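So, here's a batch of structures to check.
Next come two complexes, and both contain subunit A; in the first it sits with subunit B, in the second with subunit C.
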Partner chain A sequence: MARRATFSRRVTMTAITWVLAFAIFFPILWMIQTSFKSELDAFALPPKFFNFHWTTENYSVVQDRSDYFRFALNSIILSGGATLLGLLVGIPAAWSMAFAPTKNTKQVLLWMLSTKMMPATGVLIPIYVLYQWLGWFDTHIGLIIILFLGNLPIMIWMLYTYFKEIPGEILEAARMDGATRWKEIVYVLAPMAVPGIASTVLLNVILSWNEAFWTLNLTTTTAAPLTAFIASYSSPEGLFWAKLSAASTLAVAPILILGWFSQKQLVRGLTFGAVK
Partner chain B sequence: MKRTLAFLAGTTALALLSTTAYAETKLTIGTVNNGDMIRMQKLTDDFTKSNPDIKLEWVTLEENVLRQKVTTDIATKGGQFDVLTIGTYEVPIWGKKGWLVPLTKIDDAADLLPAISGGLTVDGKLYAAPFYGESSMVMYRKDLMDKAGLKMPDAPTWKFIAEAAAKMTDKATDTYGVCLRGKAGWGENVAFITATANSFGARWFDEKWHPQFDSPEWKAALDFYVKLLKDSGPPGAAGNGFNENLALFNAGKCGMWIDATVAASFVTNPKDSKVADKVGFALAPDNGLGKRGNWLWAWSLAIPAGSQKAEAAEKFVSWATSKHYTELVASKEGWANVPPGTRSSLYANAEYAKVPFAKMTLDSINAADPVHPTVKPVPYTGVQFVAIPEFQGLGTTVGQTFSAALAGKMTVDEALKSAQDTVTAEMTKAGYIK
Partner chain C sequence: MSITSLKPLNLTFPDTWWRRNQMWVTPLLLLLPAAVVFTIFVIIPIFQSITLSFYDWDGINPKKWVGFSNYTELFGDEVFWKAIFNNIWWLFAFMLGPVFGLALALFLNQNVRGIRLAKSLFFFPFVISQVVVGLVFGWFFNSQFGLLNELLSHFGVEPLALIEGENTATFVVILAGLWPQVSYCMILYLTGLTAMNGEVIEAARMDGAKGWNLLWHIILPQLRPATFIAVVVSVVGALRSFDLVSIMTLGGPYNSSTVLAYMMYEQTFLNFRYGYGAAIATVLFIIMDVYIAFFLYSMLKREAR
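Presenting the complex of A and B:
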């Protein structure tokens, strides 16, 4: 009887999980199938679900109108650069907070997180003027720095949480064996925290890839990433839903594929230390 | 050693010379993602062929994103753009502030429609060249009108529209008599309701900048709009903007749609519309007070004062808004795709006169008067907007209350009182009301 109850519970849970997963994935599925519709089918009422004339015309129009690969390359450079810079600063910062805390560490952590609560629009004009003065408009370095600074609090928080799980005694032992601080971080701490660092990297790549406020406001052509590519297909006066869907599918495809292949690491990293 | 140095000096000099010879001016053009603008991007070879030293870089963005970005750039003199696509709302404000370069070399400026160029001129100087102009008009289904036993006059009244809408509505077949903008936003429902209110004799402000939402004219206008949509509009009208109504109309769900004249080419295009061959056009309705409920808008090209390449930029603006460009579009894509509503010569063209919506577009534009938009005098310019910097914020807030009234979340009286209180407070704070 107990086994039967467990079996039916498992079936119910599996069914609920599938339904939830499908509900979450549905907007992406809808976007993908809309990208293969004609504009007329894209807004047909009642909506057409798979029973329409499939066409790849939208993709050729999108590639014809905009150079997708240039935007995609910029997205890779910006998200990769911002994440790399974040790791270079975030790992030592999280190390010092996890293994050499002071009485103000908690306040500093909270203060860092509080900067994320400020709406970006509030600092648009000062940043804009500063970038103008520095000559950083529409440059990769300018965008990498703003994305890196925007995500740094989250990176430090995530890394700090993972580092706290690592016993301090191991680092002490390394010190006893004569390891310098740098060697301790690179050869002892980092390998032990690989799942945590991997999930931090993945999450930051995703956050930088999706960031649309600064990447739209501080770029024009040279450093414009895929967010600008999508924005160029949205229009309040004209129905270009199929083309917008094709552009959006192309924009999210790389990150979707990356997330698909690294989901094990991502889940492992995000749930690291969640159950004690 | 000497020979090597001479060789190096020679090649450096040559490199410098060749750089000078091939130096090109790069123009960054910020534009909206509208059909006419995209078409212009495709046809720029014609410009670069005759101007090989000018390279064009396009930044195409959604209207609201572009507006925010361009406003920030121009206000801080960021210099990211050399040519901007801006609307009739921005030009008088930015021109007055000295943020735009006056245009002097535009192709045959005397040929521009006075109603359009008037909205782009400040103190006698043209600050933007119109690329395409639009007004609003009634687009209706001729078959449904026949079925209802009615005939649409060329210049209908609101009373006729309400009667026709009621007769055309057949909720059993998801057919609704009238589709109108209900989505909150200063460029969405506020544009439509303000233009409608003008025809009811209402105005945003009196001559001393006191808000007028507590007037009987506003009450009559908003009451009529809410009742019309509740009786004969589609469900969820409070969430419908231009695109949603276009989708409904093209799917055959609307008997009438009162909106931008630019929609005419979408609803008559068989590739996009199921009812392409059944559409008729009429002027926006009036209420017997001498003012019609149609607006006036032009997407125009302007040069920001911060641009270092104003001369090259003006060359491009002149090309894109010229009669030559009109002919170029006509030769490549047909007369129906020519940017409408900017030049008198276009409407004198016999070929263009054959386009079904050409005359109605011109008549609608000519029926709008941005200086005297309503029955009573006003201290502002603009038909469906008030050309003051504060309007974007005010329009957004007022739009939300009007949308709430349509959704039934508040009564018309409550919405008008809320609008009156908010606008009075903001105008006092901004120093308009002493």
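Presenting the complex of A and C:
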């Protein structure tokens, strides 16, 4: 770290770093550039790398054939709804664990996090039956609830680690000044908790956006988000690589852009606030 | 009940009770919504699933009690053992995520030109959907049109049918899963490394700690929170195997790349055997419970130290 590196060593390190980064990123890059190829170029052997005729035709075909914007809107509704609901339930829960802990709080938290390790498959059948009975199959509300539940443990855990960083003395001071619990939350805690909440929101939007198990199993058309949109391209028309790439690029584009601009908060979110 | 007898209660009791007890009642009230939804959508379905595994049901006609026969059939089912075997492979292979992630992070934790952009490139695989990961990798390994065979042909290697091969399909799918997992773990460790106390490392260096010793005794202990999260997310990731299997291979060829989650899906929704599917889910649960119990136990023990 503090050791001085020789010039040649630095050059080698830089080169290796960039080769590694390129290798890791290559699949995404390949997908994006293929989406601008004609179907013929997509199949060309040896593969063409940037030296092909660029076209945006795939994108218009994909939109015409399967209405990308409807799926994208569903993705926004589902991930937004699930995250909002998660905040509504998660903030109070995390708050009470962070500021009114009992000696079992840590156990409860770990247990909650461990339920995230449970395979979702285990509850698929009862949920499926329940949803048919409630008429929630392929509806926004049904999907929002299940996505929200899937991420709730992670949300509470994250919010908890953020809330714990808020110094207790501030609460004491507020209490001395006669603040009730409610006022404490609204005027003292909330402003300090905003950055943590923002990171939690970002991570949860991304997790819900990418969730495939529930969205593939519990939707058909009305509430189907982008994951279902790509999956529908993979099966019957599996050999149209350029169009498939265009569809995939469209599906990941919002998240890639969001991820690019919010990397810092996201990294904090991805590490569950546990790694500082 | 007369009004006069209630009146003093109404005026004073609820008020003071609330005042006296709000410090512990408020947290309970705040935890309540989480507990309620959790019970309805997680705890109850788990028990329903277990109950259902003792029935024969096609989803439409009345359920028929069959006792343990779903289980006896399951334990005699070759596909089931294949699936369990593959699940174990997934779990083991995913433990490579933290290892590779740490290696990459140690390497990237330096100041080279454009390191920030390089880090961003490492970061992207994690944020994209598993469905897309599955598609891209499936295409890369496709024996007819895949890039892999094209690359190999330049070195004079015969085309390989890895994703279509009975012995190799699972590993191709696992590789696809590891791609975002490694980058995730790398981010975790990188964040941990950046925040690490440099003085301790310098001090250890002065005392002559180098290489493996430095890593094992000085750096790794400080990265313990990162390791904890990395292992947790890797296990979670290994269990998401369903997404990739259903996108890349549909459990094939000949069920060789199936996992318990996918087998359950197949039996339940394609063969309409809800009870049999529930039995598979229950087995998956029991396996995970053992794992989780072990995990919780070791975490709490560590915490107590």
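The criterion applied here is as follows: the second predicted complex is superposed on the first by the 236 of 276 C-alpha atoms of A that agree within 3 Å, B and C clash if a C-alpha of one lies under 4 Å from a C-alpha of the other, contacts with A are read in each partner's own complex, and residues count from 1 in each chain.
We adopt the following convention: a contact is a pair of C-beta atoms (placed from the backbone, for glycine too) under 8 Å apart; a residue touches a chain by one contact, two chains touch by 3 or more.
Note that this is a predicted model, so its numbers are computed, not measured.
K.L.:
Which partner does A:L216 contact after superposing on A: first (subunit B), second (subunit C), both, neither?
P.N.:
both
K.L.:
State whether A:S232 touches subunit B only (first), subunit C only (second), both chains, or neither.
P.N.:
Only subunit B; A:S232 stays clear of subunit C.
K.L.:
Determine, under the contact definition given at the top, whether A:N51 touches first (subunit B), second (subunit C), both, or neither.
P.N.:
neither
K.L.:
Of subunit B and subunit C, which one touches more residues of subunit A?
P.N.:
C
K.L.:
After lining up the shared chain so the two structures overlap, which partner does A:L124 touch, if you call subunit B first and subunit C second: first, second, both or neither?
P.N.:
In the superposed model, A:L124 contacts both subunit B and subunit C.
K.L.:
Could you look at A:N104 and tell me whether it touches subunit B, subunit C, both or neither (first, second, both, neither)?
P.N.:
Touch partners of A:N104: none, neither subunit B nor subunit C.
K.L.:
For A:R65 in the superposed arrangement: first (subunit B), second (subunit C), both or neither?
P.N.:
first
K.L.:
Taking the stated contact definition, name every residue in subunit A that is touched by subunit B in one complex and by subunit C in the other, in rising order.
P.N.:
43, 45, 124-125, 128-129, 216-217, 231, 234
K.L.:
With touch defined as at the start, can you tell me which subunit B residues reach subunit A in the complex?
P.N.:
The touching residues are 28, 30, 32-35, 38, 41, 57-65, 68-69, 72-73, 75-81, 174, 187-188, 241-243, 246-248, 250-251, 253, 260, 262, 266, 271-274.
K.L.:
Residues of subunit C touching subunit A in their complex?
P.N.:
22-24, 26-31, 33-34, 37-38, 41-42, 44-46, 48-49, 52, 59, 104, 107-110, 112-115, 117-140, 145, 147, 150, 179, 183-184, 187-188, 191-192, 195, 198, 201-202, 225-226, 228-229, 232, 235-236, 239-240, 242-243, 246-247, 260-261, 264-265, 268-269, 274, 277-278, 281-282, 284-285, 288, 291-292, 295-296, 299-300, 303
K.L.:
Contact residues on subunit A for subunit B in the complex?
P.N.:
38-40, 43-45, 65-66, 124-125, 128-129, 132, 137-138, 216-217, 220-221, 224, 228, 231-240
K.L.:
Which positions of subunit A touch subunit C when the two form their complex?
P.N.:
That would be residues 1-2, 10, 13-14, 16-18, 20-22, 24-25, 27-28, 30-31, 43, 45-47, 88-90, 92-93, 95-97, 99-100, 106-107, 110-111, 113-130, 145-146, 148-149, 152, 156, 180-181, 206, 209-210, 212-213, 216-217, 226-227, 230-231, 234, 241, 244, 248, 251-252, 255-256, 258-260, 263, 266-268, 270-272, 274-276 of subunit A.
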